[in-house]
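Letters A, B, C and D mark the chains as written, and numbering starts fresh at 1 in each.
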Amino acid sequence: MSHNSFGHLFRVTTWGESHGPAIGCVVDGVPPRIALSEADIQPFLDRRRPGQSRFTTQRREPDTIKILSGVFEGMTTGTPIALTIENVDQRSKDYANIADQFRPGHADIAYLWKYGIRDPRGGGRSSARETAMRVAAGAIARKILGDGVTIRGALVQMGPHPIDRARFDWAEVERNDFFCPDPVAAAHWADELDKVRRDGSSLGAVVEIEAVGAPPGLGAPVYAKLDADLAGAMMGINAVKGVEIGDGFAAASLRGEQNADEMRMNQDGTVRFLANHAGGVLGGISTGQPIVVRFAVKPTSSILTEVASVDAVGAEIMVQTKGRHDPCVGIRAVPVGEAMMACVLADHLLRHRAQCGDPAPSGRLPVTPNCSPERPAP
Amino acid sequence: MSHNSFGHLFRVTTWGESHGPAIGCVVDGVPPRIALSEADIQPFLDRRRPGQSRFTTQRREPDTIKILSGVFEGMTTGTPIALTIENVDQRSKDYANIADQFRPGHADIAYLWKYGIRDPRGGGRSSARETAMRVAAGAIARKILGDGVTIRGALVQMGPHPIDRARFDWAEVERNDFFCPDPVAAAHWADELDKVRRDGSSLGAVVEIEAVGAPPGLGAPVYAKLDADLAGAMMGINAVKGVEIGDGFAAASLRGEQNADEMRMNQDGTVRFLANHAGGVLGGISTGQPIVVRFAVKPTSSILTEVASVDAVGAEIMVQTKGRHDPCVGIRAVPVGEAMMACVLADHLLRHRAQCGDPAPSGRLPVTPNCSPERPAP
Amino acid sequence: MSHNSFGHLFRVTTWGESHGPAIGCVVDGVPPRIALSEADIQPFLDRRRPGQSRFTTQRREPDTIKILSGVFEGMTTGTPIALTIENVDQRSKDYANIADQFRPGHADIAYLWKYGIRDPRGGGRSSARETAMRVAAGAIARKILGDGVTIRGALVQMGPHPIDRARFDWAEVERNDFFCPDPVAAAHWADELDKVRRDGSSLGAVVEIEAVGAPPGLGAPVYAKLDADLAGAMMGINAVKGVEIGDGFAAASLRGEQNADEMRMNQDGTVRFLANHAGGVLGGISTGQPIVVRFAVKPTSSILTEVASVDAVGAEIMVQTKGRHDPCVGIRAVPVGEAMMACVLADHLLRHRAQCGDPAPSGRLPVTPNCSPERPAP
Amino acid sequence: MSHNSFGHLFRVTTWGESHGPAIGCVVDGVPPRIALSEADIQPFLDRRRPGQSRFTTQRREPDTIKILSGVFEGMTTGTPIALTIENVDQRSKDYANIADQFRPGHADIAYLWKYGIRDPRGGGRSSARETAMRVAAGAIARKILGDGVTIRGALVQMGPHPIDRARFDWAEVERNDFFCPDPVAAAHWADELDKVRRDGSSLGAVVEIEAVGAPPGLGAPVYAKLDADLAGAMMGINAVKGVEIGDGFAAASLRGEQNADEMRMNQDGTVRFLANHAGGVLGGISTGQPIVVRFAVKPTSSILTEVASVDAVGAEIMVQTKGRHDPCVGIRAVPVGEAMMACVLADHLLRHRAQCGDPAPSGRLPVTPNCSPERPAP
């Protein structure tokens, strides 16, 4: 058990504070002989990097990833892969004025009640900076999943403004500052967020992550449900307050026959689902359909607008949080959500292989047992 | 790692199929010298028991709990507590006709793709019958948490019909067949569900669970976030498709200052929050406010209405699921959700104590370190 | 984490006290579609069963195993396998006189210091009766390993009397009451143990366990060393005080070139080791050679001879332990040691498969990568 | 689960290869508000450091430890502590000639069978260099245990030459190059080892580790036995082939009454044991007596003496291992064994506190429950 690790067989342990010398992680359990270099990881970090538009924090971090172990001559060796990123642009003084103040909506006070001590510089361990290592680990997870699995994410709502699903276009996601799949919404959001920024406020958002091509059979019926692990992974991202799979909360309003994903046969002997209300997971196990997860991100708590609070000695104060912050943390949560999806799937792929052998590539019928032969050993 | 255990220090491992001789669980890590007998557990099972109204499955199970180990002369001994319930009313023949058919929305096909074999009687391991053991474990978890912590749940939406929050009354929950806190809604739901049952269909629902009195400091900043563990626990309940904490998805539509739970001081030196948008958790750590979780339950997949499907040899068929089913599984999910809340809190209480010593009873300021002295050992 | 589970992917959780209604275990992670019935398990329990000769405790327990879940129509389903044995011959009164006394060499006093409460009947949870469930789990582990792996054990020393290695004969092990591979030693031990029994005393022993046919590649270089896990598993058997692999403590007296297991090539392209000082494990990883472990069992602490002790209120007393005890617990530790070997190997086989794919059947050169192809997924 | 972590609540994850840029570890679960700096760790690394006498490898590594996270203004914060040591003196060319050769007694060939790839430089991950991080983690573990617990180790046998127990003097351990508590033996060993070194050979050894002052109650009756965890921890040190607790293998030759550690009362109400055959552990739980462990280290496999082997393409060869090696790796295993003892005890202290509250400082009778009150929470 560790409070700073996630995953079981694909296991990531992160460390580091926002304003310490570096942050890092150890990725254990990676299969040997997978081609891997920094170049496989850096592009994902670049997508998450702060300071790329006026809509994210102006902290300037190159976020250059280094591999310190576990790779030999460009191939993974099966031993733990240590990754690190140096912290470059730490302006601790920005935070000096809030070291003894508790910001409403922030972890400050809960943290102090827990540990009786905290590193106030930039949120310390509770900073979203930690998510850089999730993105790095996610890049390795994608290598394990292989090219057959595509994981992608988008911002589908900013503040109270959802996208128009009729205009959903994955290609659009890379063309704006919001990972927004709807160009009309993106333009609207830019105006809205500029205004919010000028007001010294912030906005919430909803992120959608999709994995296409994952094999059927990942997960398990009871306490290793794929959707339960995805829910825990997404809710564990900073500022996330809700998670749903497939139709999610909307499913509560459906009747049984509306919610059923009916099935028909393809010519090639595979099963065709006529809908995907389930979001690719039935009874905790993947079906081969796209796995679809959404999560809600609250508005950043660090805002210029004054709010009522208390300080460390129990005085009542008004707090205004200066410093460099994201007016909508949901934006940069998109690559983080993708990474968590990748990590959960990679972990379940290895867990499945341990018990059942390599998964079947597609959902064929009649079921030719895709598990290992009766006995796994020679 | 286990696919059938949850929790880390308060650790529950369940076993058993719907139509096997029995179901059971092993609860490990329970502190010694807690008074415990079957009478502490049975009332919670009785709340979840099927067949108590026309709105739940007509399977008649007394669900009588037996303690087989870990308790000596009415006190826990610190050793594993084995619990078991005999299956009494298994009518396997009800399921004979669907053994080779896949029910849309059910785990059947995913299960077979995973394991290449399944026990088709009553859903086998994927049956909601397994949740009886969660409820039993939850009763033990409540004993660990003590009388100072109150955990309670309610159905706050059935199908598309939410309760009226203005009429929310916890006392009402025990007065109707739905765990509904709004008497007007309850009457309406009864009519609605009777109609749905006659149609051979089913309804989804939303459940809300609240824990009052949990100490501040439970959870941890990164991968042991209290809300992340709650999300995983609730999403792991059968048929759940979405989970939210505090304002949840609604928080996405708020601005930073709206979402901030402002703070003021009480006369007694404790902190008073002016709102609870956060649902009692900040940065993954409890604040002492009520912990509030909601989850969405999809409509039962086992319905009399015919839906298009395939069978085990790949033939296209129409499926109609006879047998005894819950027209709204969300109802009986209420005591299960309470149990999962209790188990997660008990686990985090022990985890907190391991690292930081006993938690402080209330959120006082100035922070008198509520953790252990510098060195935990003599 | 659990204090009552062992293994990671092949994971066994045991429960039950010596004089409770039953003992049991849950075996999780078993691959699906392995043929399994009680008849696969019972013979191993019969080997361990008490009361079969005058040299073991006279408690009469049929130790009849029941499978309660996880098997459908004679095949494992991949879900947890619950096993149970009823306790039949509990004579709690035998222990009434020692409930408040601490027996030197026993867990009594340490147990009470830990938990502040204990079930004194027959040692409660610390009774060697718990090892019956290890033997049952071991029988399932053997099914996972398959017929290609042979696991067998022998008593190689009783009290100060070792066997003569020149007379070592595995067939002999089943022909005497001691699992002794040397018929001359067995005859001598019978006389010796009769005398010790008449004296109201007990003897220690050394057990040797060997696994032949395990594939190379099991284990891992650092904290999942196969030999480290075997050491923990064997030391965790009641009354064991020492464990060694291969030459063990004798290796300390060797020089480097004496200890080297030199290698030559076989005609079929496999490697031939000219010795097995290493006991089949190099750098924590199996080599395909026989895996050889020995462990020392202390003499039973429950003896008729009076020894100085104290009681629960701090009075100085003399203690004499009546009741039914094994004069040499090392004898019945043989099937338990075999079971632990099987469990550790099955766990490592699944762990290896998760990361590296199915192991190679033999140690061939040049190394044709026996791991999975570059990417484990579709 | 991780192949590169050990401990459960005090959890250490190490990474790095012998000839990579650095090695490191992450220590998770450390209680907050413990004073900690590099100066607390460096002295233990200095004791283990190579190149300090002619009797250890001539690789010159300053082994300067850096703390990268988890400490704020000299105090632990409860967040993960990342430690790192740069590799300075890597002469990879020394190993070029053996990259394709398998050294008998080394992990080379088993490693390749497992992973199908290996980093041959200096043994890669299987190098004893990894143990530097264990020593660093052990220094933190000692801080958790506090000054009341003393952990110390000694070399008690080199090759076939044991010390004379009558001359055992802990002060002597720091006065010679062998951590030898017997000055006469130390002098003899120096001559012996010089000769062995000149012969291009190596010697085995036996190390003894003792913990004095650990509280009673650490461990658990079944699969968290303190002695089982110690056995696994010690056997997991490179080159270790045997582990024993207390009398260990010698206990097998004793009779019950000889092996019993009889008890009498002290004036102050604590229990006095008249012997310590058990090595401080009864039924897997500490008694408050000194915890005594010994382990056997095989002679280094890297020797100049030629031995028969094969290479990666299956050719039969003679191997001679040049480079810089320890003629007796047992010497530098002493601080590593101490560290493993500290880590296991710190982990069990936290585990005990989670379930039972802070341990009692001494073994008093009548037992005033040293566990938590009935309910651990407010």
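Just so it is clear, a residue touches a chain if its C-beta (ideal position, glycine included) is under 8 Å from a C-beta of that chain, and two chains touch if they have at least 3 such contacts.
Given the structure is predicted, the values throughout are model-derived calculations rather than measurements.
Between subunit A and subunit C the CA-based rotation angle works out to 180°, given as a multiple of 5.
Relative to the C-alpha centre of subunit A, the farthest chain centre belongs to C.
With centres taken as mean Cα positions, subunit D sits 44 Å from subunit B.
Here the CA centre of subunit C is 25 Å from the CA centre of subunit D. Between the CA-based centres of subunit B and subunit C the separation comes to 38 Å, rounded to the whole angstrom.
Annotation for subunit B: residues touching 2 or more other chains are 1-5, 8-9, 14, 29, 32-33, 78-79, 114-117, 125, 221, 351, 355-356, 360, 369, 371.
Listed in rising order, the residues of subunit C touching subunit A in the complex are 1, 9, 29-35, 78-79, 143-149, 213, 215, 221, 349-351, 353-359, 361-362, 369, 371-372, 374-378.
If you check the complex, the residues on subunit C that touch subunit B are 1-5, 8-9, 11, 13-17, 20-24, 26, 28-29, 32-33, 68-70, 72, 75, 77-82, 114-119, 124-125. Of all residues in subunit B, those touching subunit A in their complex are 1-6, 8-9, 14, 102, 104-117, 125-126, 130, 157, 159-160, 196, 201-206, 216-225, 227-236, 238, 241-265, 269, 271, 274, 277-279, 281-288, 296-303, 305, 307-310, 312-316, 330, 351-352, 355-356, 360, 363, 365-367, 369-371.
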